[in-house]
Amino acid sequence: MHPVIELDGLEVRFGQRVILKRLTAALTGRAIGLLGPNGAGKSTLINALLGFHKPSAGTARILGRDVRTHAREVRSLIGYMPENDAYISTMTGVHMVRMMAELAGLPREHALERAHEAFFYVGLGEVRYRAIGTYSLGMKQAAKLAQAIAHGPKVLFLDEPTNGLDPPARTRMIQLIQEIRDRGDLHLLLSSHLLHDVEDCCDQVLILKDGNIAAFCNLEEERRANRRFLELETRGGNNGDFLDAVVKLGCETAPGVQGRIKLVMPEGLDVRQLYQIAAGQNVQIRRLNHKRDSLEDIFLKAMENANGRL
Amino acid sequence: MAVYKKTYRPYEGELTASWSRFLVIPRYAFEELHGKRFLTFFFLASFIYPLICALIIYVQHNTSALSLLGVQQGARNLISINVTFFMSLLGWQSVMALFLAAFIGPGLVSPDLANNALSLYLARPFSRAEYVIGKMSVLAILMSLMTWVPGLLCFGLQGYLEGWQWMRDNWRLASGTFFGAWVWILVLALLAMALSAWVKWKPAAGGLMFGVFFVASAFGGLINVVQRTHWGNLFNISNLIGLVWVQLFEGSNQTTNGAVFFRATQGEQLPMWTTWAALGLLAYICLYMLRRKIRGAEVVR
Amino acid sequence: MSDSVISFANVSRFYGEVLGINNVNLAIPAGITSLVGPNGSGKTTLMNLMTGLIRPTQGEIKVLGVSPDDPERLGKLVGYCAQFDACPKGLTGYQFIYWFLRMHGYTPAECDRKTATALERVSMTPAAQRPVGAYSKGMRQRIKLAQSIAHDPQVLVLDEPLNGLDPMARAETIALFREWGASGRHVIVSSHILHEVDQISDQVILLSQGYVVAEGEIKGVRDEVKEQPMQILVRCNDPGGLAARLFQQDHMVEAKITRDRKGLLLRTSDADSFYLLLNNVILEKGLDVESVAPADDDVNSVYQYLIGGEGAAV
């Protein structure tokens, strides 16, 4: 069983500058997040995997195929949704997606069928018969996604898919991405600055910094860990009393954001005991959740890591 | 009752042959060009001259027509069907081809570059070479139909009417037409592509197609005057083409000096290999310009 | 009083026949105010009106007492960071800000100082000598921001300022906004990222199709949407049992068990009673509670209720 993306000492240079410094990793998740500050090399990595940049050393493999020697085969497996605008303004949506599907190897009739299917899937209706130059930003993003999936790739590269979208369009795009991920036969590589989106969609995260891998973590595992940290929001009663009682039980407390309370429960203490106190004091516990290391914390920790090397 | 959910499904069907993928581009381009009426009319109008030539050839061999025109029985030639005839045909058609390239050329590459669509093309199992060849073939096909195809047809007609021996004796006319046209087609197609890739505004790119010829020849002329030499002629592209044609059509015994627009200069001439070298350099420059612009991703310094 | 708010009084703006905004009344206090709404709802129109770039077709605007008809004063008061890049070609980052400040009339030495401060604020000092054309998206965003804060304005109008910034730059910029908001300035930010809006804003203005649909403090905005009962998500081991017990109450409106059968999404018209009741039910039934959270106490939900999915791609 091949890892989806395997980096094997991958090095990419632009002239004298080394952009990607011998990256080595094996990414196996259904949806892999790619994070990092500007200039860390995310776009360069994606471009190198697509074959737009030749590695100066090392290599990478996508589903077992080497990007150096089998670049063409690799690209037939990939669907790419670039960050920037990418369209031909004089063509209609269907026309462009159809042509791109044919260039990927689909026969004529199938290309047209799948172009329409792709448009249905991303939620574009009559608009597909209009010239792409007239589309709004949300429509252009949807059309970009349509051309990425029309030829039925095995790996999808999404670069900032929610860029510029308004809230309902963002939600729809995230839903689409989650649906695609949940299918199981299509792997995703999601590169984004919005940690929230990556958290919602991805199960593994690769964090780059300065061309090195700063962190590589498995979000599923992170989520399952750490049941002892809580975050509470209370209302009513005498807040001080509640806190005192809770501390008496052995908890450590600290103030959190937006007036909430952060708690560390000692071993053996049950959440129900907190409720007992609340019932006794007529205090409402308006919010309660287990606080695990959010992606933001992981990211910031990775950035602080001195030389950014894993 | 069965309810069907609209969902993404992977593609399990067959794929087209890898080598034939580049043909997708001309197919789509022709669909698009078909809709442009002016272009269609122009293309059709460009066949008028060859038709006249064919008519002349026919008339030459049709005694009744000749007598109608008042020419005596003995005199065979109204117009002699020779090198000049075919070279003029090629020359005129090549000028029409230049106009065609100026209309179509700018729209070939610039729309793809305008909104970064190239990264979509190249993210597929599709190489830069295939892209360039695909786009060039649009021009090549149309220009072939305008230049050597009518030329060879006229040659065939003349050969049919004159006999096998004439064809054997004048094979150079056929090969000159064919190869001469191709030299022009390649140069023009590369130039059109390079300009389309570098110049965003279509009218400007179209204008430059003509401009390149005039500016280059003016520059060449300037060099000639300033340096008192003939080397400036290497900048005169139409001149170069003319020289190439003369060589292809006539070999070493040159009687003509090119055709129409493509005049080979009289007087002291530079060695032929320099002509070919200059054309080769022009092609190389165009290819280099294309290579710079046709990329999946820009390299930031 | 009027000198501390940005006020819109019956303001309308049309572009020919096309609607920009219609009959808008606002009084924006100091602090961070977010403008939220679908593309085309009037956010950019509102911002352009505030900065005096366009004039209203009707109505009156006053920014801290200054009318946009007085561009000299308004220009000093307001800093604007537009959505799209617009920098003269060939300028370096430093020059871009420096010459902008010179146009304000500061002496060269002052301009130099202010430019350096602004660059430092957005962490662009090392890259300042390179031309803006060579900048990455995030860098261009930051230089735009620097230009808008360089002359130390009282009012900052920012159109999607975090677009293209990586998470650290986002956090730094948000910290910058918080600082400015806390110092009594007006920071107007338009954004599509609703959970960020939740985190950073003091006030929010929701726009839809050229109208102001809701405005005020975020917590308050939710309470105003009275037609919708409060939605709360409780994750526990026996949602069915919890629901049965809760339905005995009058204030329960709706209860839905989540897909994974480990949560209960309920609606109640009296949140306070519900929470007190919850305490007892948990103890009564010995429930194992994983989390409790209001499911619609954020801008996202208010957005859904008031604006809905009309902005979705068509």
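A, B and C label the chains in the order they appear, each numbered from 1.
Here is the rule we go by: a residue touches a chain if its C-beta (ideal position, glycine included) is under 8 Å from a C-beta of that chain, and two chains touch if they have at least 3 such contacts.
All values derive from a computational prediction rather than experimental measurement.
Averaging the CA coordinates per chain and comparing them to the mean over all protein CA atoms picks out A as nearest.
Farthest chain from chain A, judged by C-alpha centroids: B. Averaging Cα coordinates per chain places chain B and chain C 59 Å apart.
Between the CA-based centres of chain A and chain C the separation comes to 24 Å, rounded to the whole angstrom.
The distance from the centre of chain A to the centre of chain B, with each centre set as the mean of the Cα atoms, comes to 50 Å.
Touching two or more other chains at once are residues 136 of chain C. Residues of chain B in contact with at least two other chains: 300-301. For chain A, no residue reaches two or more other chains under the stated contact definition.
Of all residues in chain B, those touching chain A in their complex are 6-16, 18, 21, 24, 28, 111-112, 114-117, 119-127, 295-297, 299-301.
Within the complex formed with chain C, the residues of chain A that make contact are 35-40, 122-127, 136-139, 142, 163-170, 172, 193-196, 235-236, 257, 271-272, 275-276, 278-279, 282-290, 296, 299-300, 303.
For chain A in complex with chain B, the touching residues are 14-15, 43, 47, 50-53, 72-73, 75-76, 78-80, 82, 84-90, 95-96, 99-100, 102-107, 110, 114, 117, 120-121, 147, 149, 151-152, 154, 179-180, 183, 185-186. Chain contact summary for the complex, chain C toward chain A: residues 36-40, 136-139, 160, 163-171, 192-195, 199, 271-272, 275-276, 278-280, 282-283, 286-294, 300, 303, 307-314.
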